[in-house]
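Step one of this worksheet: look at the structure below.
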Amino acid sequence: MSHISLDHANSIIATAFAKGRELGLKPLSVAVLDAGGHLIAFQRQDGASTLRPQIACGKAGGALALGVSSRTIGTMAVERPTFIASVSAMAPQGMVPAAGGVIVVGANGTPIGAVGVTGDTSDNDEICALAGIAAAGLTAQP
Amino acid sequence: MSHISLDHANSIIATAFAKGRELGLKPLSVAVLDAGGHLIAFQRQDGASTLRPQIACGKAGGALALGVSSRTIGTMAVERPTFIASVSAMAPQGMVPAAGGVIVVGANGTPIGAVGVTGDTSDNDEICALAGIAAAGLTAQP
Amino acid sequence: MSHISLDHANSIIATAFAKGRELGLKPLSVAVLDAGGHLIAFQRQDGASTLRPQIACGKAGGALALGVSSRTIGTMAVERPTFIASVSAMAPQGMVPAAGGVIVVGANGTPIGAVGVTGDTSDNDEICALAGIAAAGLTAQP
Amino acid sequence: MSHISLDHANSIIATAFAKGRELGLKPLSVAVLDAGGHLIAFQRQDGASTLRPQIACGKAGGALALGVSSRTIGTMAVERPTFIASVSAMAPQGMVPAAGGVIVVGANGTPIGAVGVTGDTSDNDEICALAGIAAAGLTAQP
């Protein structure tokens, strides 16, 4: 797989929502970005608050910007807060230093996009992102 | 109808894409915003260029910002270019002064959201937006 | 109640100011936003400092952005400072992590707007916001 | 008069709205700023679109920024569009180059604040701003 098609993106979102329902999570918002960080698809469930589009994109876009998951960016933000604050300000969509933003890689391990989920705890958000990626037959960056 | 649900938004996008296929249009991108200009759902068809999310949101968000369609904003931009340039800079998502951004109104005529379509000519973009709104059982602002 | 009218907003502000006088508080500033975070009404009492409009809007707008009161955002900011710093930068009006920003909900529990008060201690600011909401016959998010 | 009190600001807004009703205008939004360009009071009538707060503040704030009415800024924008575009980008609230933003002067002719009205034609907006200033016993900059 060399890129994330719109069909893949919609499938990722549908599965992430199904996982959220299965786990009884709060309303979720899911963004799927291409390798360049540009939005392919987004959905915000009824009842989710207004900044969720930016948070979902900030998790996924931050991951692509630094080449690591937003969970790892969260760890970096604890260790080096001014570094992450600085580079966040440079990223077009900012960065959200909390789990739920996951890079999707192609056959050769190169990023082909990313998924960002927000709405419940960041651990649960990430579970939904990973479920969506796997169900679409794609591979999350280890 | 007092708001646009996620189901409505997905239905609007599906119909807009169907109309695009029927008319043989280029790849489309469609954004559906709530009354406050916050994204509910977005899809970008394979092959569409990278700024399409912002353009779709700028058409729909600009319409909500001024209370008129992006087609009307296009007319205003010809007559009063510095006024539109000025207020565009104040709008969180900017404004795109070209047809394709249409306000959706509720039972009492109050805006409940907006749809922005981009990818083909702005006239064709608007046809797809209107088709999506009608098929979802919603009403475009006259 | 499906939205906050201008009459409601003015009533909220009048009562918040009356409560401030009753308690002998410093000059207050009060913003009332609609569900999308857009200003309906604002008043700044004589003697209040210059940034009060932004602080009042940042309390109310931050609450709507994340779906919780600005008091809760204050707690989150202690526990996860980099997360709140990050999402604040994404919010059009920023976020003020201190009590005084309260979401107003409609009959079905959905946000229909928010009130932000600033000028005295954040606890007192919140007391005035809650007094204003109640006196207007509206309901604060629990 | 050396400054605009909150009572003055509320009186200006009430009269501007009364004038709008008398003339049968569209829903209006009115901002009153102090001499430093900081908001004292704002009201947006039911049915006004979402960007009206920024437009009202941009008319009044732009007037204070350059020391002339927003009507004059509109004329300057026709004659020197790149100049106005440039300085607008520097102004915290931007500038709206259209009538409706009027400076209020004190006894010695010094600016003590400004009023910005938006919602109808810019000529009608200005009529309402001037009516509000006069009814409050204040003086518009000639």
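The letters A, B, C and D name the chains in turn, as written, and every chain counts its residues from 1.
The working rule: contacts are C-beta pairs under 8 Å (C-beta built on N, C-alpha and C of every residue); 3 or more make two chains touch, one makes a residue touch a chain.
Note that the coordinates shown come from a computational prediction; the quantities given were computed from them, not determined experimentally.
Copies subunit B and subunit D of the same sequence differ by a rotation of 85 degrees once their CA atoms are superposed, given in steps of 5. Distances between chain centres, each the mean of the C-alpha atoms, put D farthest from subunit A. Subunit A and subunit C have Cα centroids lying 30 Å from one another.
Between the Cα centres of subunit C and subunit D there is a gap of 25 Å.
Counting partners per residue, subunit C has 34, 36-38 as the residues that reach two or more other chains.
Contacts between chains form some other arrangement here, matching none of path, ring, star or all-to-all.
Interface note: chains touch in the pairs A-B, A-C, B-C, B-D, C-D.
Contacts from subunit C toward subunit D in the complex involve residues 5-6, 9-10, 34, 36, 38-46, 50-53.
Residue ranges on subunit A touching subunit C, taken from their complex, read 47-51, 54-55, 58, 74, 77-78, 81, 84-85, 88-89, 93-98. Here subunit C touches subunit A in the complex through residues 36-37, 64-67, 80-83, 85-87, 89-91, 110-111, going by the rule given at the top. By the touch criterion given at the top, residues 2, 34-38, 92 of subunit C touch subunit B in their complex.
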